[in-house]
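What follows is a short report on a single structure.
In order of appearance the chains are A, B, C and D, and numbering begins at 1 in each one.
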Amino acid sequence: MEYRYLGKTGLQLSVLSFGSWVTFHKQIDDNHADELMSFAYDNGVNFFDNAEVYALGESEKMMGRILKRKSWDRTSVVLSSKVYFGSRGKENKPNQTGLSRKHIMEACRESLQRLQVDYLDLFFCHRPDPNTPIGEIVWTMHNLIQHGKILYWGTSMWSAEEIMSAHKFAKEHNLIGPVVEQPEYNVFERTKVEQEYAPLYNDPGLGTTVWSPLAAGLLTGKYLNGIPEGSRLAMPGFEWLKERWVQEEKVRKVGALNDLAKQLNVSLPTMALAWCIKNPNVTTAILGATKREQLEENFKALEVVKVLNDEEMGKIEEILK
Amino acid sequence: MEYRYLGKTGLQLSVLSFGSWVTFHKQIDDNHADELMSFAYDNGVNFFDNAEVYALGESEKMMGRILKRKSWDRTSVVLSSKVYFGSRGKENKPNQTGLSRKHIMEACRESLQRLQVDYLDLFFCHRPDPNTPIGEIVWTMHNLIQHGKILYWGTSMWSAEEIMSAHKFAKEHNLIGPVVEQPEYNVFERTKVEQEYAPLYNDPGLGTTVWSPLAAGLLTGKYLNGIPEGSRLAMPGFEWLKERWVQEEKVRKVGALNDLAKQLNVSLPTMALAWCIKNPNVTTAILGATKREQLEENFKALEVVKVLNDEEMGKIEEILK
Amino acid sequence: MEYRYLGKTGLQLSVLSFGSWVTFHKQIDDNHADELMSFAYDNGVNFFDNAEVYALGESEKMMGRILKRKSWDRTSVVLSSKVYFGSRGKENKPNQTGLSRKHIMEACRESLQRLQVDYLDLFFCHRPDPNTPIGEIVWTMHNLIQHGKILYWGTSMWSAEEIMSAHKFAKEHNLIGPVVEQPEYNVFERTKVEQEYAPLYNDPGLGTTVWSPLAAGLLTGKYLNGIPEGSRLAMPGFEWLKERWVQEEKVRKVGALNDLAKQLNVSLPTMALAWCIKNPNVTTAILGATKREQLEENFKALEVVKVLNDEEMGKIEEILK
Amino acid sequence: MEYRYLGKTGLQLSVLSFGSWVTFHKQIDDNHADELMSFAYDNGVNFFDNAEVYALGESEKMMGRILKRKSWDRTSVVLSSKVYFGSRGKENKPNQTGLSRKHIMEACRESLQRLQVDYLDLFFCHRPDPNTPIGEIVWTMHNLIQHGKILYWGTSMWSAEEIMSAHKFAKEHNLIGPVVEQPEYNVFERTKVEQEYAPLYNDPGLGTTVWSPLAAGLLTGKYLNGIPEGSRLAMPGFEWLKERWVQEEKVRKVGALNDLAKQLNVSLPTMALAWCIKNPNVTTAILGATKREQLEENFKALEVVKVLNDEEMGKIEEILK
């Protein structure tokens, strides 16, 4: 496994990491989750990603149970959660979502309880909250760090401008600012990571823990011949992904990428993952998986990334153009 | 229920809220309080207001017992208390009242114990304390926030100048300033909310949790024909309200407002409440009640506020002139 | 009892207060201490003064036992301790005295244990410590306040310049500075309180808790005819007081003051105490006592202070000249 | 024993101190460690030095057991640990070494557990970590102080420039900077202590807790005739010391120093130690020992230092030239 420093911090994350999103509680049970997490951990994955909203808290509870069962050294793993959407779904009441001091504090407490740990390594603002002043957010995250409840904080799906406003407030008030952003990143979703955040990587420093490196499964190639029953895109609640991605144009590009992958003697998802982590501004790409074989295949990207030289990257660029 | 952000914070309060003042322990018992609070909560009220001085701590104890009994999600309610007058009445000794660091710290601890909770959402300075420097107050409130004992702090019955002195100190010393004021507000008491605080609403930001929206019962109309036995104005300790309000001038205006309410097919208190919350600078109007029917009637104001168009507001203004 | 604000803080101290120095453990037992403290408390005394060095911790232990026994409301009393001399006497090792962060932190913890309380209201640096930088002291006291272990901090026997250096550091680093000084003050020892500290009372603000208001017993008049066996000046360890005070000059003045007291129909110590607290910059005068009758006599000073008009004060000034 | 203030702090360290490095767990057992620590403590040593990496945590555990067994007053000892190398040796994973906030926090928690104490007096960054920004390190150490987990922090083997960057950040962000450096110092290793750190001793202030005052045993004279079996230089893992020191040039100088020592009627190690602590910028020289007799001999340096006048120091300088 390769490890990268999270932006300008001293924290190291495995370049491939494991997220509970989509799968935990919804698609897999404890034993299954245990098998996947153990395989990931044994292969050097140290970052395990969560959010209060994933399966409305059930993902965190499941990961908490696995962590307890495995008794891995707490210092060997980097655990995250995210606050914003709440964990009560349609039952969410005012102050049970968003980024008010009240919700951030209460969400942190609840995530720690669900995960059965004393502190989170990373705590993300899952979305920007225009209704809460940036100062309230920064102060609250700073306080959580002061009290050892979280070690670092970051954002997810914030604009560069929003991230910079947090840094500006932090700097002016001598508080600890955000160090990481969790954006979507894959061959079809490149603007934020490659352009919008570019001015931030060096100063003030920004790590990225990118999600959907396989474009919600599109880059697994399994949708080349339509959407099979039981796949993620066919699951209730993921219709938006379907509408968003399943377009002729993209399917055509996937086909071309698939051909290139064959030439390189690698699978399409492996090549797509390798393409993601070839970007040095990507700290880690978060994997979701329901089968151990998927992870096994994914981990090959660590080797394939070395194969992706300028020439091959040029070909990919040509296809995506 | 409608929810409003408390000034510039990310905290949302129901526009109608529930206070333990006057009624808890003095007029109603636990079962009665349970019925009222449950009805309020079920109708979307999320803010429950208290003070150390209400019934000398007994109001908080009663609310604490109800909260414990109901087991509502702590994150679904916004609880407040207030410090200044002490909880020992005539037995109050030096440092058991006021806003010294000693009393603020000790009062907070005691309110938390009485309410049986780990933290307050809002903590008010119930009055200004000219004997304590503003810096001591701001530092202490800031510390309570740092330690998670309170989430936001505010003032009650402070002048705009006093509030601004707190903000000035907070800004100069990089501390968290007050975000809310609890003033009296009703058709007869408008100056503070409409004029004095006007420069503060936008910057630095100020929410208001107004009390006595029905002018201590005067706007219920029940005093149009004199003060009945058993009503609040006839209770010992409330003589000042009686002297203050029961004046021919006001009674005449109440009569005229009552006539207007009849034209609108609403009750006088409902119209008076609607008039209060029509002001966008009012975050919430705190209701006191001894009967469920009162609350039921009060909640109609949420609909009536939409009926109060410019024309009707003009008529009210004409009456009050 | 009269109460005064401690300098510019919001904390109120009884103008006459009670100290454990000299008497606790050395001269009196628990029952005796109980009687004296109870009498003081019942007469409105709210400030009880201690130090780690008094009877090498035994004074604090005794006061702790009495406080536990009496179960007075913690909020009704102001408790202090002092750090510098250590509590192990000749057994004191390096870092068990002085004002290093280590000793301040450890001394505070030990005083809290001996007094059986969760926090001190006042914590004094018993002497200046030229070997510890002022920044280390201010940071440590500030931290103790942040953590609720102490509420206010101050100094004892520091020069005005030393006090100001603490304020300067506190201001420059946004920390909470000292608010009180405990100097010696009586008709024979006036310079610090009346001249040296004069520029500090108003800005930055300084309260004083003066000790030895009766000049180590000299102003009780009991030494007019020599030093009796069993009096404080004859106790081992107090020889320095003897040498310092027992001088013909002073004895002569004591005689003249005694005559004046007779003219006013008050006792000499009562007049001397009244003279002390007539100074508005004296927040409180700390009494030591072994007999309830002494305290009873001392409390008369609260009345006598009203008798000390300009004319009488002028006479005293004439005698002391 | 002589005590020195640690740089500009108020903390006093015995000029000769005791380290668990090399010996604890590897060479000696509990009873043996007890004997050595007790002898040191009884002779006035108050500083006991540790690191997470020493015997991979076993040194700290052993010292913790001895401290528990002896029940010495916690306030009478100065305990240190160091963070950087981790305590899992070859099993160290990412984030289990270095100076990230994660590792510093987790290392501190683990050292406290191993030592069975509530706080460390000194906490060292065992090496600089170019991969962690200085701000992350300073903030984390500051926080540990705020929470009473450590009292002072410092560095080991940092360059003056690195130390100053920590001070600069601390000053600009109003945080507590490092106060001590633990460098190697002996007649053969003088540059850092005598030249590089020279500008720092006075401002901002720097104490030094020097290690290897006897040049890893070379100055005991036992290697004059080669390296005996069982000596430190012959132990596995210390080959680098062997290569570094055992050079003809040094052996020649050791011989000359040995001759001078004989002239002064002292042993070579005693003279070498005395030479170390004659430097006033050395706060303490850390001793490692496997035999009580060694310590006994070492402590003679406290007398010998007085013998080392300008003339004798000149002779030493001549030899080392």
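Heads up, the rule we're going with is that a contact is a pair of C-beta atoms (placed from the backbone, for glycine too) under 8 Å apart; a residue touches a chain by one contact, two chains touch by 3 or more.
Here the structure is a predicted model, which is why all the values come from computation and not from measurement.
Under the contact definition, chain A and chain D share no contacting chain.
Most remote from chain B, judged by the distance between CA-atom centroids, is D.
Because chain C and chain D share one sequence, their contact can be compared position by position; here under half of the interface residue numbers appear on both sides.
Remark: chain A and chain C have CA centroids separated by 62 Å (rounded to whole angstrom).
For this pair, chain A with chain B, the centres built from the Cα atoms lie 44 Å apart. Residues of chain B found to touch two or more other chains are 146, 174.
In this structure, the chains touch in the following pairs: A-B, A-D, B-C, C-D. Residues of chain A that touch chain D in their complex: 3, 5, 8-14, 46, 73-76, 78, 121, 145-146, 148, 151-152, 174, 176, 205. The touching residues of chain B, counted against chain C in their complex, run 93-96, 98-103, 105-106, 110, 129, 131-133, 136-137, 139, 143, 146-147, 173-174.
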